[in-house]
Amino acid sequence: MKIVIVAVPGAGKTTVMKRVKELLPKVKIVNYGDVMFKVARERYGVKDRDEMRKKIPIEEYRKLQLEAAREIGRLTGNVLIDTHLTIKMHGGFYPGLPADVVAEMKPDIIFLMEFRPEDVIERRLKDLKGVRTGRDVEGPEEIELQQQMNRYFAVAAASYGRCVVRIANLRYKQSRPYEHTEVAAKMIVELFSG
Amino acid sequence: MKIVIVAVPGAGKTTVMKRVKELLPKVKIVNYGDVMFKVARERYGVKDRDEMRKKIPIEEYRKLQLEAAREIGRLTGNVLIDTHLTIKMHGGFYPGLPADVVAEMKPDIIFLMEFRPEDVIERRLKDLKGVRTGRDVEGPEEIELQQQMNRYFAVAAASYGRCVVRIANLRYKQSRPYEHTEVAAKMIVELFSG
Amino acid sequence: MKIVIVAVPGAGKTTVMKRVKELLPKVKIVNYGDVMFKVARERYGVKDRDEMRKKIPIEEYRKLQLEAAREIGRLTGNVLIDTHLTIKMHGGFYPGLPADVVAEMKPDIIFLMEFRPEDVIERRLKDLKGVRTGRDVEGPEEIELQQQMNRYFAVAAASYGRCVVRIANLRYKQSRPYEHTEVAAKMIVELFSG
């Protein structure tokens, strides 16, 4: 079974994936961007992701995306795929999982974690990397907009690629630290366990 | 003209279809799942729907879906197609009318009935079958989520298959029994009548 | 760069396009319907848009849409494309920019302007043409529904055609006349300027 795990940036996706790996050590965790870079290095000899984005012409880049998706599509066993449904670009949202990519990747489930925007803001503030790179601080409305757009893009992908869209509702205040992580990880483990 | 009629389960779709048939006896009412089963029986010799789902490999199953959609696409006259936009699976939503299926089925209109969740709950409780099979009782939020997901899936299908998405707003308290049925049936009859 | 500009009818899109042209005279403004008509006139000898819609069989009409989209897709430089995401038909919404059309048109950005419904109503009432043709007066809920549907159709198109969906939030009361026009036009100029 292949599950794509998605959330807005800084919401705690990495922690959830780690917890799934602890609970289910056999699961393969695959980052779509990493697979793309691996293919790009082999084919085009690029040195890093930045070069990948800048040196490869757009048409080739799309082929690369499809090739990487196809490679993930061939994986067997329980696979957890780390990627984004939307990428912020030009003040808007670019599809991270376009229709044809999802058709090659063949996930069974898009697992979409949704949070209260204020919880996302709190987590981002705690995340030192966020502070260091000085990325723009998003307000609750912008976060909520991305959550909504993620839903629409998940459905467009699922309609074309035929997979389940599961909305993991984590829109409540935690009663203890890492409650959301634990709840989301257990949902995923249950999905993998049948 | 071909119209796909959709609503969340237990909202009263069957009653609306019966009323349309009374008002417009020449209309053909076609159940997508029935057509799939008919094709599956001819091709694979399956005995019932359960066997169809379990015995046919996934790739063949998809061909079957397309074949059944194509058969519906060839129908002439006024056709009312009974199917689901979303099927609950793995705690999420699987497309009942994926992009390629709608492209073969060639409906003119997806007629999406929306209700107040409390009215859906009331109708489900009255429906004896629901009680007998002991299906999980959904709360208003789950029903509303499926209504929202139905909208998104309807649009994804329409964008690929080029058809109209008509939202039939039945989100109000009935002033007499079967008011929703009557209103929805008349809308459909008007659409068929040009 | 190619930008598709979209809003509900009567919201002020034409005024925004004129302002963009003033600020950035080199931008090409292209109306999708005009390009379709030009192709239809050459191919089918139709005299006006009305004849185009009525005389061309549906399958040919679709080819025409794709042909016109392809022609726009070949344009270079900064192009602002004027079209609709949804067309009101049969009491519902027909895709103005279906999946395959957007794939041929190859826009970089779908620029979706959203307004407070009451502002749209006010602008429509001021628009003399609207009064003359006596078109049905839509209430705030109908306008808001079309704005929501535009979002979903924008995402479906972007997922298939791989482009950015930018939501231009103009959902606030203007503090001076033409503030929305000025704000939207500047956003577009910035996008073109890189």
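Residue numbering begins at 1 within each chain, and the chains themselves are lettered A, B and C in the order written.
Here is the rule we go by: a contact is a pair of C-beta atoms (placed from the backbone, for glycine too) under 8 Å apart; a residue touches a chain by one contact, two chains touch by 3 or more.
Model, not experiment: these values are computed from the prediction.
Its C-alpha atoms fitted onto chain C, chain B is found rotated by 120°, rounded in steps of 5. Where chain A touches chain C, the two copies mostly use different residue numbers: shared numbers make up under half of all numbers in play. Taking each chain's centre as the mean of its C-alpha atoms, chain A lies 31 Å from chain C. In chain C, the residues that touch at least two other chains are 99, 152, 156, 159-160. Remark: chain A residues 62, 89-95, 98-100, 145, 149, 152-153, 156-157, 159-160 touch chain C in the complex.
Within the complex, the chain C residues that touch chain A are 99, 108-111, 151-152, 155-156, 158-160, 162-167, 187, 191.
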